[in-house]
């Protein structure tokens, strides 16, 4: 009973809270990083260097009035943010933070597929949110978002297939272990796949330069235009949680998960003094930094350009990568 | 959301056409412009601009002020380029009254106008880039604009609405040390321009978003009455600083950049080059700044002889013209009329956006560089 | 015990959601119930040691097909459901059907339990691919060996369906 | 009762199947009818998976994969037809889709 | 010799090149070069082939080359049961065709060269067009000559007719030219009608169309005393020949054909095409010699044509028309020769005539060219001073045609007259008279043109003839002048030919061996009887010499008479014309033959057509309309029946079905759900049955 119910429940509670806290600090990090990139200071008032802004933001959002437009479909309007956030959190069930079973909730043998499939559920939140608002801009944005998510999902899945081909397993623990055994992170074996997954990840999380669904200069905020208060916060949380998920996936698959750099070089063993989960979280935040960095730098794609990039560049390249990987697999 | 535009198809089931309302509360319409878009999916079939949300009746107000008080009303039209507004007005009055302006004053006016051009273009660059999604450029550009505002503040005490010129010259000479600061700003600005260009000019996404977007030929641009960078972007060499020199422009050496394709990217490149040309003019002005008074001989009470005049200058946004009628009796203008460049350029929007996507609309509003205060007056 | 609890809970939810799908007034709500229904069916698959199928169920059904439904519903976007006027004959017919359902179920239950002892032993198909939990690899083997040709045919079917859907839904140039 | 046998799954499957059939028979919105068809297919899938587990034979799961593929194809083409039809008639009421009778 | 198929092909290629590419792209020089070079190569090949032929023994001089199978065997009914109609595309070389080959390619080559100069004033595309036609003509003519069967020959025959039409109408903007072209084409059609009937009959009679096989078969048949099938064949063929070779009654097109460019007149209407009829008759010598009755007709037609044309020629003033009538007259001579059985003499005359008539035509072309398109002899005179080469060469030609020894015409003409004398004195008389007139009008031509006083227009200003101003080129005319070298060189070559060509046929009476006759003989044999019979009444050499001397004397007298009339006392001619006003008018109007044809044939056709039209309008249409009314009425009746009786029945059946099916139709609601419901019920029923029955 303890092992099958209590411990997992505890882990889930800890993990969900950790993710949510991470998200709030991620928001702070984004504000700070972009501010620095733009030669500003960012939040400075709440706490030293604005650190407590991470708490102030959620409190503000919780306290705000939660408006439901009159013409909205109120059930769906309420459900949409939940459907957006839940898959983002569910994914963490299979994300291993370290080699030990203590560090993950479950290691299922179709872990990678699980992540792909669950994140694909997240699109409902966006579509329904846009539709339920019964407003034109959110509707346009949600149509854009769903088309974008589905398109890029294909590219990402195609790319991940070539990774699966290399490892021979769908289990995320298995993938990291495979990297330890081969002594090299897959990011160096599959650089094309790394780039593709990262670009696809940017698109799937609606991050710049693919942030069309929430392009505030075009669509005044996208699908969550009509949302406010906590329901808006849930969308917000979902987006940032998704960023963490994508970063985690990239790290697990391409950057050795919890492994230290150069796991095959013995004299670097002192790096193992840091716990595995620190390595993992550190790498994840590194990628999150890259996300933010890109947002600070690049302009935004246009919808048609985004679609043609997805369908005409990423998917063909992913297929090509898959074929090349297959050929290598067979030949060597 | 009320939609006044006629619906081409009355059926609410029609999936082909969607009418959406961009603005007046929209982050990318640069104020309170309202654009009613008829969409086919994401493609714009037609666009109608609805203006007048900040109409204050400036022209009518001016007809009830005396000639000197009008200057501070002109500040409020293109409020991001108040100095050029002043310049155009005072020169128009000087033309009407045939007042000789001291050379030093003309030099300083030129410097101020070009400085104002830098400030205005900074604002344009930042907002245009942000409309297309490049956030950082906005803050960079505003950072540099801040320097300009500081300089203006030091010169005339105001940061936005300067009221910086007078009929017959300038109210004040430049403060001591101001020219040195201006010079260092010029050096600084040149470096920052390279920064902007690094971020944008060869950026693939920027190119994709601006190349071949909103293409307009020279003939069409003339036909629509476009002026300023949108006109020059289509390869029409029309710049009043060269064509009808005012202030001290005929004594300066500068180039007029011209576009070839007439698309958004060309207009971007032109404005970037205008930054550099402005810096060049400012430097020449500082180098050759003559000594002498900054205010000419002007009567206490301005009372131009009966008559009318039209005087236009090249403001940062294009041809800014003032049409003044004096009855010769009162101390107010009988008629005060402005030809605002933003208003004329905005007429091109309908033509530019047709056939493009919604996302291009904001890019195109950005590229024609409007200020609603000037459009509505 | 736990297994039975899980099963009955899932079964109740699945059936309940199925009824909601069929009876929901708004098409969008219907789609939503359908998604949840599919997710629960996926959970059911997991209890039946079919993780791969479960994931595919989520990925393809919930993540793909139903999104398509949602798209179409939003595109068609009817303010009122078409059933705004009632049809007594239809209700009568529905009653008849429901009666038939109950009858059929009773017949099935009775006949099955009567012959429960006579259930066939061993494998039915003769392919004889026993499996353990975590059988994705085995499934792959079966799919790419015994069922290679049907698999390829399915891929062709999907291709054809894709082309057909594009042709059907594409707005023709003249319009 | 507490032991879950394939019969339970079969009953669940049959019930879901019947719900789907009722949906097909009584709803007028073509899209909901299509969704009911998906329910029917799912009912079949439940049966297949349950028996696959019971008989320790992967063929059942293989067929589920095929069913899903066919369902995807059916949804794509069917919804394409609905869209095309809706463009012409501006309705998705199945009672009005009867121009070919007699 | 196996390459003889190349000989027609080469000009064909040239024609294709000039026609398809040249009209648009070739310069004048290129077009001329293409045409001349193909002809030159063809000529060289012909010479080679001819030499090869000479190398063979006399009785083996026959070589056939099958290029391709043309018409596959088709079973057709003939007099001897079902025959196989099979025609290969085959060329045959034998002495007769060999001689013709040389004539056609040789003279053709010269005329091509001449044309380069003559046509130089035409626009660029026109030059290529001209050479295209000219080459095409050579292609068809050579096909005609070399064809080993009637059908291949017929292809050439029709082809040259087409080219003749095209070339006569070369200046198609000129009404008279295009009319003349049409006239030639239509008149030729009449002859072709005869020819093709002859071909049908040949096939029907012999079951083959190959000349050699026909000849062998005919040789096996007895000479017809009366009018049999062979006679019919020959008559038909001869009708064809009269058309092509401008004999009574179908000669009228040839004088009009002079509207074409002069080289065309020289090549087609003097040297080659018009002799095709003669050639064809010679080809079928065996057939003809088995039909003496037709031979008689041929002889008389020939001699009458010769006489009539010569008389007309006496008074013509258009230089080319004189030559045209002279040609008709000479062709009459040739037919006279064939008619009396002297095929070799006919062919010989054909050859010599080709030389001197081509020479004369080209000379006249040169004159016309020099006189700025002036054709009326009355406006010439004294041109000897301006164009000496033309004068001398033409004088040689005139002497040759007049029959003054030792020039070519003397030998061939005297051979014909001698043979005619053997056959019939009456024919001889007319023939001799014609010869005298020939000498007179030829020298009338020479005298009026070259001698005496210049009567032409002043030069230095544009001058045009009354009928041919549009032929002028608008540039200032600087007086009569000699033609360019490309034109005079062929004249000289032909003059040499006109002088010496006769020597291959010097008769035995003059110590010669009549080479040509012996050479050609194999072409006319496959027979012996006729020849032997002809040998029987052979005159002595003395008599033969006497006849020769007589004709020479008469010719010389005529020449002198002409000289007196047109050079010494120009007024004498007019006086004569006044004295014999009636005949003169008749002759000037060419015996009113054109008018006669116009009044009879043409008008008759028109009237007939009108009559037929009236009949059509009144009778046929009336009948048709009547039928129409009848139909309408009957269909109305039928309609009533159909509507109320037949349809009633059908509708009754349908109604019964519809009523009967009302019940079942209710099931076909078009509502999918109803169908699904029915399906479901069916499934239930089936499952229940299955479970219970198990």
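For reference, chains read A, B, C, D and E in written order, and residue numbers begin at 1 within each chain.
Convention: contacts are C-beta pairs under 8 Å (C-beta built on N, C-alpha and C of every residue); 3 or more make two chains touch, one makes a residue touch a chain.
Given the structure is predicted, the values throughout are model-derived calculations rather than measurements.
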Open item on the list: Tell me the fewest steps from subunit D to subunit E, where a step is a jump to a chain it touches.
Closed with: 1
Open item on the list: Farthest chain from subunit B, going by the mean of C-alpha atoms per chain?
Closed with: E
- [ ] With chain centres defined as mean CA positions, report which chain is farthest from subunit C.
- [x] E
- [ ] Going by the contact definition up top, give me the pair of chains with the most C-beta pairs touching.
- [x] C-D
Task: Between subunit C and subunit D, centroid-to-centroid distance (C-alpha), Å - done: 5
Open item on the list: What's the distance between the Cα centroids of subunit A and subunit D, rounded to whole Å?
Closed with: 33
Task: Chain centre separation in whole Å, for subunit B relative to subunit A (CA means) - done: 43
Task: Whole-Å separation of chain centres (CA-atom averages), subunit B against subunit D - done: 63
Open item on the list: Show the residues in subunit B shared as contacts by 2 or more other chains, in ascending order.
Closed with: 13, 15
Open item on the list: Residues touching two or more other chains, restricted to subunit A: which are they?
Closed with: none
TODO: Give the residues of subunit C that touch two or more other chains, as numbers and ranges in rising order.
DONE: 52, 56, 64, 71, 75-76, 93, 97, 104, 108, 171, 175
Task: subunit A - residues contacting subunit B, complex - done: 34, 37-40, 135-137, 140, 144, 208-209, 211-212, 215-220, 295-305
Task: In the complex, subunit C residues that touch subunit D - done: 1, 3-4, 7, 11, 14-15, 18-19, 21-22, 24, 27, 30-31, 34, 37-38, 41, 44-45, 48-50, 52-53, 56-57, 60-61, 64-66, 68-69, 71-73, 75-76, 78, 81-83, 90, 93-94, 97-98, 101, 104-105, 108-109, 112-113, 116, 122-125, 127-131, 135, 138-139, 142-143, 146-147, 150-151, 154-155, 157-158, 160-162, 164-169, 171, 175
Task: Parts of subunit A lying in touch with subunit C, wherever the complex brings them together - done: 73, 75-76, 79, 108-110, 113-114, 116-118, 120-121, 123-124, 127-128, 131-132, 139, 143, 146, 150, 153, 170
- [ ] Show which residues of subunit D lie in contact with subunit E when the two form their complex.
- [x] 21, 24-26, 94-95, 97-102
TODO: Spell out the part of subunit E that touches subunit D in their complex, as residue ranges.
DONE: 665, 668-673, 676-677, 680
